[in-house]
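If you scroll down you'll find the structure; I have some questions about it.
When the chains are written out, they are named A, B, C, D and E in that same order, and each has its own residue count from 1.
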Amino acid sequence: MSVLEVRGLSVDYGTLRAVHDVDLTLERGEVLGLAGESGSGKSTLAYAMTRLLPPPGVIRSGTVRYKGFDLLSLAPEQLRTLRWNDIAIVFQGAMNALNPVASVATQLLDVFRAHRPSMPRAARLARCRELLHLVGISPDRLDSYPHQLSGGMRQRVMIAMALALEPEIVIMDEPTTALDVVMQRQILEQMMELRAALGFSVVFITHDISLLVEFSDRIAIMYSGRVVEEAPAQSLYRAARHPYATGLLGSFPALRGPRRPLRGIPGSPPDLRHVPSGCPFHPRCASAMDVCTARTPVLAPVDQHRSVACWLEHENRGAT
Amino acid sequence: MRRTTLFVLAAVLAVAGCAPSGASKAGAGVLTVGMPNGPMTENHNPYLPTSAASSLGYRYVIYEPLVQTNPVRPTDKGTPWLATAWEWAPDYRKVTFTPRENVKWSDGKPMTPADVAFSFTLLKEFPALDVHSLPIDTATVVDGKVEVTFTRAQFVNELKVLQTIVVPEHVWAAVPDPATYVNPDPVGTGPYKLKTFTPQTTTVVRRDAYWQELPKVPEIQYTSYNDNSAQTTALASGTSQWSYVFMPNYKTLYVDKDPANNKLWFPSGLGIHGLWINHTVAPFDNVALRQAMNDVIDRDAIFQRGEAGLFPKLESPTGLPRPAGDPFLAPEYVDAKHEVDVPKAKERLTAAGFKLDGGALKDPSGKAVTIELTNPAGWSDYLTDLDIIKNDLKQIGVEATVRTQTADAWTTDFSNGKFQGSMRWTDTGGTPDDIYTDVMNGNQLRPIGEAAGGNQGRYNNPEATKALEAYENATDDATRKASLAVLQKIMVEQVPMIPTSAAPIGAEYTTKHWTGWPSEADPYAPPQATLPNAIQIVMRLSPAS
Amino acid sequence: MNAKTRAGLALLGFFGLIAVVGPWIAPYDPSAMGPDLLQPPSGAHWFGTTMTGQDVFSQVLVGTRGVLVVGLVAGVLATVLSIVIGVSAGFLGGAADELLSALSNIFLVVPALPLIIIVASFLPDSGDLLIAVVISLTAWAWGARVLRAQTLSLRNRDYVLAARATGERTWRLIVFEVLPNLTAVIASGFVGTVIFAVLLEITLSFIGVASISNWNWGTVLFWAQSNQALSQGAWWWFVPAGLCIAFLGTALALVNFGIDEYANPRLRSAGRGKVGFTPVERS
Amino acid sequence: MRFLLRRTVFYLVTAWAAITVNFLLPRLLPGDPVQAMITRFQGRLSGDAVQSLYVLFGLDQNTSVLEQYLSYWGNLLTGDLGLSFTFFPTPVSEVLGQSMPWTLGLMGVTTVISFGLGTVIGVYAGWRRGTWVDALVPVTTFFSAIPYFWLGLIAIAVFAVNWQVFPAAGGYPAGMEPGFSGEFAGAVLYHAVLPAVTIVVSSVAGWILGMRNMMVTVSAEDYVLVAHAKGLSQRRVMISYAARNAILPSVSGFALSLGFVVGGTLLVEMVFSYPGIGYVLFQGVNAKDYPLMQGVFLVVTLAVLVANLLADVGYLLLDPRTRREAW
Amino acid sequence: MNEVVLEARGLTKHYRRGARAVEDVSLVLRRGRVTALVGESGSGKSTVAKLLARLVPATSGEILLRGEKPGRFREYCRSVQMIFQDPFASLNPVHRIRYTLTRPLKIHRRSETPEQLLEAVQLPADFLDRYPHELSGGQRQRVAIARALAAQPSVLLADEPVSMLDVSIRLGVLNLLRDLKERLHLAVLYITHDIASARYFADETFVMYGGQVVEGGDSETVTQHPAHPYTQLLIASAPDPDRPATSTPTPLGEPPSLGSPPDGCRFSPRCPQATPRCWTDAPPRCSLGDGHWAACWLYEEVVA
């Protein structure tokens, strides 16, 4: 059963189209990984869903269904009450995501003030302590200011804040890029434990596909504003179908096991200002055909769990 | 605007405005005097030129002089005031005063001859108080009279000596340093005593008793406005009833606001303004050039445009303003009148070897004649005068430029002789001596670069110096007349400085509430509230019906 | 470049043009006294006349050059000073920084207007250029402080380090690596200094410290004020020069908006509507 | 501690240098107080008075500049600023004491008003970019580009002469005695309206623009986005998240401008004949009144230094990030 | 063994505010070999690079270039060049690529043309007249490499050269570096936080923690048989799709503060195997054979 359904979402950034006709479904309790390189539109997509995309971003089409509402049609006041209460976000770069001049307590309490106005102050404070404890931070850190916390602690505070109202959905936008691997693992593991305990759904955005394979249930890979492949994590890892997905998986050196040869992907990620015609990946694609330069493939299911946007797949499918 | 404002740059300030006459109780038995002198600090020392009492003038309704003299009619016999009689020795080195009896200080004690002698001794002992630098030798009480002797003849200082104010010995003898004494509780013989002081306004009230009939004005309020503009406005609105301030257009700004009552009177004293020339700069050491310049400078234009019709034009070539200077005029100059005469000027120049070449004047050596005219930037009347002079000089081919300086730089340069031409005043006094000494006394000659207290034009003429000495030290009128004639001749023929305007002792006053003011028709005193004569005027004032 | 910046540049160009051709197109000699005393604006005298019959319009036209020259010269000098001192202090660090910072702080603390009055009274001839020099002496310190702070943040940028690592000399690092990246800050400081210099020059002329023989808008106001033009109802003597100053200052400020937006892209994007709620504009 | 020590050394060095400059400046001026007074009196005070004035002001003794400098410091440290020449023999401290309240009252209050008003408008203009509030920016810029004296004089011509709604000059009516009465306070307020309004009009643009630009810049910060994502009310986001951070540079600017309150009043007080310290300085400069000039400079300099200190402290209080550095 | 070009002995850097960024680091860089320096952010690895490039002065310790104390900076930087982490920051935005590449050629009086430099990093010559903002991250990093090559150095210090680049192009840049190393016989210091890439790219690997090098040796050995508990933790934490789902949870803890590092072993507060001795005494370098060593008390016996 899905909690969030994105249909045909297109987002413009000024005159550039950053997200192109994207469909996405988030099932209850699952972790949906959203992978892609810079400029692939993965963050834009996440922010557009919640209408938090800063100017000059404009949503051009699509619907985002949540509990029977279309988030894109809600009045600001209605949307405001849904935010955080139902959909919380853990932002990348926790340094900037916390208000530098307000204490941790103030920023946590703000959430209750806005969404639980009737909650007594003592209860709010108690809840704040509980939340910090939940993410492994000593509650006496409540009076600290962001700059007094390490990067990892800040990110934990963000997570605590995201879970404050026990939302249905948590969007994690590159939550660990600024952290080193040890801290990254600590935080992600903790997040997954909490998800198991609280039962929310996660949209996990990162460029690190090996991380996604390890931590998410399903992965959607984006390239140049489009989803090019969507599949369960392990099956994607074992056998990706889109050449870009394959290339991406082949770009990570393995730490364990034999030293595999690394392939990488030739060329550079596309510049949104000069998107190639047809399939945007075709200039870098080893399997590119004539049709790839002319027509853009659409995302279509290739089997029960997997969708791919590639002419190779369409041909295969046509052949069978 | 300038000098009439004590603070020259105050010109800077502002526009007129109209202070709604809030707390001022103008009319209700109060005489309001205004001065554009800025905020005051509490200081009632009558001797210090820096005190509020001097700046606003109220020292002269609290303290009184021995004799009242009239600078507008300097040769008139003085009016006995605290002295009922006075007598000069023929050599003017000694004067004997007969102090008035029955005069009481405001603290009730009687004024004695000892107080008079003490006042002179005070000046002698504390030169800092003696702004006139009177060479007092002794001051003694002899038979109820006071004899004051001087180390030099005081003929030309007569007015200054007679106007010496008298202070109570019983107060001042105890003051350790009268020069830094702010005199918080002034005790004088005048009909008024201090009531309140604020930085903006000082109020004096009439005493119960006075040695003569009490004046009809019960209270005088002296207000200090920040600048000319504010003062002008106060006058125009009637908030100020009596002031003196330079206005660029007194008709529009002041008289027209109440033509029936708003009056002004600017009588000449014995002081003048004119174009000073530096005699050390060639070719201005050439008398023909100076005469020619004198010939073409249009006094009328200066009077009308530069001096806003306030500073009377100087028509006598002797430099003596009329009518104040009339008694001193030598017979040959009684009717002499300056006229603009360009052809005559050109003739003089040609005769002296100058050449007019295509509109530019060349001196006998063939160099073009140029002159730089300087004055402080803020002094707009002088600068307008210079502009007029510049245009006038063009007629004889002299290329003049006008340059402004700061007042300080100009003051320094002027006294150091580092200028070519400047508008400036001369000293003022009871005889023409002040004017002429300032312009041509050889004893004041200083080299270029050294500050000179007078004769900043560096005019070097032993004949003039001799005549000045003769005049100052003469013991008879004939000698005085003769030396004065010599000085006038030098002024007319040598043109050591080009006089343009009289320095008036002017004031604005309104007849709306008080009448009895001095005027052209009744010139009993100079009209300013800051002169010793102020008390004479207050005594004459009576409420308008 | 947006409409505001364009308007500013156009206005500035207009004043620049007047500064160049003003003296030639002025209908009268601005100093010449005519027979029409204190006349309101008319066909013969567009901005009326002064109490001595001078043509106000000609005075304003001729005076434009002085204003712009002083503004530009003072702006350039102060900017050069602030660059030399501020950038050196920021880049060199250590004792040099302490010394130069102290110098600029002292100049910030010492009262400027009296300082100018004092310095101006020293000068034999307080003409336009000298006034410009004096103004620049008091105007550089703030810019130096800003540039120092900016340089401090640039000094350890990777590209400066990289240039150093390739063996560039220190002066080249300052001039070719750091300075070009301060262009916007310097330009904005320059325009700001020009505004400051113009206002200050006019104020100085107005209070009679600067030479009043050179026509500029301040001189016009000086004469108007010393003749109590407003009290006499001669608004035409007072208003045009003041409005010119205001328009010139506004033009410069508008140009500065443009520079700010160039330097800070966040100011540029023409975002409208509520922040925090991405607009949905289905086509 | 290190930070505090460094700041202290900075203040001491700057104060010493500035006070020394202040000592030297008047002495570098051409002319001397006596000549200035002779000039002021324009012939009413004859050349004979020169000597008495030199004696009066104590300028007849020849002391070297170094001796003067040392005794200046000696006096300064004992709180003695000397006697003013202009108001001889009133002590400089008394002259300053008489004028300071006016300056502080008028300029201090208007600076606060201007800052407050400018900040509030700037916050709205930055938050509601592109709306009518934002259009205020060019308008106020125009007013700030007007030379202050011109604005003041026009205001006087319009509001004091033409429609006589406000007094044109002075701090209180002539003849009224200052005191702690309601009448006097009312009169002072009434007299302050015109100068205050013109100061605010000509200075508010800087605050608006600075605040607006900071708001625009800060609005793009992640924590503002987070605040929106948290579903906080617009008001809360605007004030506690955006404005609270955007105001930091303005606050230090504000503290510094408080320092210039004392030094920046010359034109205001000239135009409105306001009895404050700027006018006193003006008199002092014209009269070559060394002690008075030094006194005013000292006050101005100390005010700026104190303001710098305030700016430091303000930053410490408002920005928790700097606290760690300081303590 | 390859020739030693650059050697650091006991390099130490303490900043003025008291941060002890680098403590007693000794390293050897050899021609034709890549040496990796791996550590978390804040471990001091970038400071080591800047110390070696002589961009910051060392508090103590010495650097030897070909066995000698280096002379003037210009001479030194002719041999030792650096590549910075962020190609968006390391190219001056106001200069064209031509300027950026011509300057080092002029400074070091090299006769090559900027076109040749671009060719060496596989970029077309028409990039010379472009500005950095017209280039993608990978292209910029290639330009930065070209700039470093202009001086014809023998040592290349690469400070996280690919961490700011998109995943898909990292390999290209790393491969380029390896090619250059082979072709020009360079000594390369490869600084990274990604220990997996060190395994692939570097011959030798050193692991830094809290300003100190805690383990070193052949890359394959260090990554496959980590000895120091920190290295073990690092490897255990790296993302690994093949990782068994039931792995032990990562211990909590924070990297040490460089302002006041713990006494003894700097890893001791987080170390699951810490003994009381670790808290008080700094561990010695313990050799584990084949050039593999670790600074840890666990291996004391091996030493003894």
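Assume contacts are C-beta pairs under 8 Å (C-beta built on N, C-alpha and C of every residue); 3 or more make two chains touch, one makes a residue touch a chain.
Fair warning: this is a prediction, and the values are worked out from it, not measured in the lab.
Enquirer: According to the touch definition, list the chains common to the neighbour sets of chain D and chain E.
Expert: The common neighbours are A, C.
Enquirer: Applying the touch definition from the top, give me the chains sitting in contact with each of chain A and chain D.
Expert: Touching chain A as well as chain D, we find C.
Enquirer: When I count C-beta pairs in contact, which pair ends up with more: A-C or A-E?
Expert: So, comparing the two chain pairs, more contacts are at A-E.
Enquirer: Farthest chain from chain A, comparing Cα centres?
Expert: Farthest by centroid: B.
Enquirer: Let me have the rounded angstrom distance from the C-alpha centre of chain C over to the C-alpha centre of chain E, please.
Expert: So the centroids are 50 Å from each other.
Enquirer: How many angstrom lie between the CA centroids of chain B and chain E, rounded to a whole number?
Expert: About 89 Å separates the centre of chain B from that of chain E.
Enquirer: Roughly how far is chain B from chain D, going centre to centre by Cα mean, in whole Å?
Expert: 39
Enquirer: If you average the CA atoms of chain B and of chain C, how far apart do the two points sit, in angstrom?
Expert: Computed from C-alpha means, the inter-chain centre distance equals 45 Å.
Enquirer: Note the residues in chain A that touch 2 or more other chains, in rising order.
Expert: Where chain A meets two or more other chains at a single residue, that happens at 52, 54.
Enquirer: Give me the residues of chain D that touch two or more other chains.
Expert: 29-30, 153, 156-157, 161, 220, 225, 227-228, 270
Enquirer: Would you mind listing the residues of chain E that make contact with two or more other chains?
Expert: none
Enquirer: For this entry, which pairs of chains touch?
Expert: Result of the pairwise touch check is A-C, A-D, A-E, B-C, B-D, C-D, C-E.
Enquirer: If we count contacts the way the header does, which residues on chain B are in touch with chain C in the complex?
Expert: Checking each residue of chain B against chain C gives 1, 9, 11-16, 229, 232-233, 247-249, 252-253, 305, 376-378, 380, 383-384, 387-388, 391, 401-406, 408-409.
Enquirer: For the complex, which residues does chain C have touching chain E?
Expert: By the definition above, chain C touches chain E via 157-168, 176-177, 180-181, 183.
Enquirer: Quick one: which bits of chain D touch chain A in the complex? Just the residue numbers, please.
Expert: 220-223, 225-233, 236, 240-241, 244-245, 248, 318-321, 324
Enquirer: Contact residues on chain E for chain A in the complex?
Expert: Per the stated touch rule, the residues are 40-41, 136-139, 166-172, 175, 193-197, 199-201, 223-224, 233-243, 249-250, 252, 254-255.
Enquirer: Which residues, counting only chain A, touch chain D once they are in their complex?
Expert: Those in contact with chain D are residues 50, 52, 54, 80-85, 88-89, 91, 93, 96-103, 106, 110-111, 113-115, 145, 147-148, 161.
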